[in-house]
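Notes for the one structure printed next.
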Amino acid sequence: MSKGRLEAFSDGVMAIIITIMVLELRAPEDGTLEALRPLLPKFLSYVLSFVYLGIYWNNHHHLLQAAKQVNGPILWANLHLLFWLSLIPFVTAWTGENSFSTIPVTLYGGVLWLSGLAYYILARALISHHGQDSVLAKAIGKDSKGIRSLYIYSAAILLAFVAPWIATGLYIFVAIMWLIPDRRIENKLTGQDAYE
Amino acid sequence: MSKGRLEAFSDGVMAIIITIMVLELRAPEDGTLEALRPLLPKFLSYVLSFVYLGIYWNNHHHLLQAAKQVNGPILWANLHLLFWLSLIPFVTAWTGENSFSTIPVTLYGGVLWLSGLAYYILARALISHHGQDSVLAKAIGKDSKGIRSLYIYSAAILLAFVAPWIATGLYIFVAIMWLIPDRRIENKLTGQDAYE
Amino acid sequence: MSKGRLEAFSDGVMAIIITIMVLELRAPEDGTLEALRPLLPKFLSYVLSFVYLGIYWNNHHHLLQAAKQVNGPILWANLHLLFWLSLIPFVTAWTGENSFSTIPVTLYGGVLWLSGLAYYILARALISHHGQDSVLAKAIGKDSKGIRSLYIYSAAILLAFVAPWIATGLYIFVAIMWLIPDRRIENKLTGQDAYE
Amino acid sequence: MSKGRLEAFSDGVMAIIITIMVLELRAPEDGTLEALRPLLPKFLSYVLSFVYLGIYWNNHHHLLQAAKQVNGPILWANLHLLFWLSLIPFVTAWTGENSFSTIPVTLYGGVLWLSGLAYYILARALISHHGQDSVLAKAIGKDSKGIRSLYIYSAAILLAFVAPWIATGLYIFVAIMWLIPDRRIENKLTGQDAYE
């Protein structure tokens, strides 16, 4: 089964998710700078979520590039990832509307955690289909960055009850950690070593 | 006539349908867990509809993969399917807002029924274009799973007047029945038998 | 310049236009059949617009299939067409909300008229790029069906002031006239005659 | 790394941005011409933004056509461009709702300025990946049109405090300046001189 439509559908869904979040930034009635101020937390949560979705699209792009073909379980592992990503606009809006208070920030972390897990499952499904000796399996390796992210999200969710800005800071930290695209796969594909 | 743009357009429409449903999950003003509780039925109807649209995308993917080319009637049979699928966000919102009460659940079943019929018509249009001896025709066969689904939807619509949760349970049952992608087509394409 | 991205972008825009119209069908608060009744004109205007957008997608598909390459003016003629199509959700909502009263029906016709003109301009731009002797030019021919549609829209807009249902009837009539995909192009491409 | 998915994802995002702006044109309750009048500034801001997004899509199309492959920094430079473009619906709605008053017009210019800068960065990232002697580098050249646009936007933002219509006029002027697709790249690709 070819991977073309899976890529096209995922691109479509991720493009829509990344774009409809902006609908939450409703234009205020007054045309003054003061009228913009209440939108600031919404804007910041939009920026964070835009970056996260950019990271997911980027990594998804790299992951599928190394894949040769897909099967039924991979299609569903992919839809499972898209499901959690589709909830990002909701938690983004809730976090922004409540100025990054504890419960919304916790739920935001929960959706990040489940998205991260879903990505991990998708990577495993791809490896199990391509074999442990495939280029893809070697390129993904143990996915220690993905596992580390889940640990950090867990810590962030707990620390949100101490102070929500610590959790938010950790989400930003993970985003920065991922901003560099997945060099492991790129290296393997171009035959370079992946010692990093 | 090549099938590429039909696939691309259908992917686009299905990606949008699956994603705009989440716009119905409006972020509550309060940042508390209690504020989330009224959203629970909306969330459950979203999950069910997400799974259904995932199933349709999956089966559509398999169906078109077996197809070699398309013609005018196939284009319209496909648009007819997309029309009924496009009503799923509406019935999802209505069902969620009314906590799965009788009339909305009935209408939800009606849209599922008509989507199922439209998929059946699309499959027939593809078979009639490719010939009864084509790989596609053999792969689809009598489509007994599709026909069985229509019977179960009919029963569900009637039983919704007894108790709407029975109908909802039947919708979930059909979804589980379909979660496994259409192995018939996959088997035929890879030359394996389809005795299952 | 290849036509691939023009097709992909147009598919995307048309897929979104056709789908966001459904957002106007807001789920009523009550879960009763009576609560659905006020939605009926909105639903009917949705059906009509869905069919029109399906026709445009279909004809666009046929038109571009006969095209070999595109240039700057063609890109802009295409964006011009997409602009008028993008106003269809607005006039659909307005017509539905006002139960097909005169002024909304007139504006609906105006948008159809301008979309029809834009399609005609796009077809001319494609012919002028491919040459009068190209397969495309012969396939499109004089586009008498397109010109006839513009005349009928004009009549409908005037007759809307007598009775808006006459105009609506004429829009439905034109839609039925177009429901059959553009056989002229299909015939030319497959080498058959186009005597019809 | 192939450029196919980058193009597909960008097409998707730009198609959605260009289309969701129309959701701001909410159908008035009354079916009269007077009811449409308050929508006029919203419609005008929609037209301007539609043209700008058309220009960006057009130029993006030309830019990527000349590109052979992409890398990590290019993916992020592209997402950075899409981020600023995604704010256009917001500033369009705000400008329209406030009938082109000073502060919204200034912010509109700010988003145009940052989009222009992001496009410039993307072009530089592409050149640095393909080499100074590549067809792409020669085709883009010094991108004097892009730099000139940034100067005009800067002037417009300042002049908005004198009179917002001057700024709006300058935005329209830049749009007209760009309406002609990027002939430099087209010429280089077809081997013609680019003396203009």
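Some points to look at:
To keep things simple, chains are lettered A, B, C and D as they appear, and every chain counts its residues starting from 1.
Here is the rule we go by: contacts are C-beta pairs under 8 Å (C-beta built on N, C-alpha and C of every residue); 3 or more make two chains touch, one makes a residue touch a chain.
Predicted, not measured: the structure shown is a model, and the values here were computed from it.
Shared contacts of chain A and chain C, meaning chains that touch the two of them, come down to B, D.
Rotating chain C by 90 degrees superposes its CA atoms on those of chain D, with the angle stated to the nearest 5. In summary, the pair chain A and chain B forms a contact in which the copies contribute largely different residue numbers, shared numbers making up under half of all those used. Between chain A and chain D the centroid-to-centroid distance comes to 27 Å (mean Cα coordinates, whole Å).
Centre-to-centre separation between chain B and chain D, using Cα means, comes to 38 Å. Of all residues in chain B, those touching 2 or more other chains are 8, 12, 15-16, 20, 23, listed in ascending order.
Put simply, chain A touches chain D in their complex at residues 7-8, 11-12, 14-16, 18-20, 22-23, 25-33, 36, 47, 50, 54, 57-58, 61, 65, 179-181, 183, 186. Residues of chain B touching chain C in their complex: 1-2, 5-6, 8-9, 12-13, 15-17, 20, 23-24, 72, 75-76, 79, 82-83, 86-87, 89-90, 93-94, 97-98, 101-104, 107.
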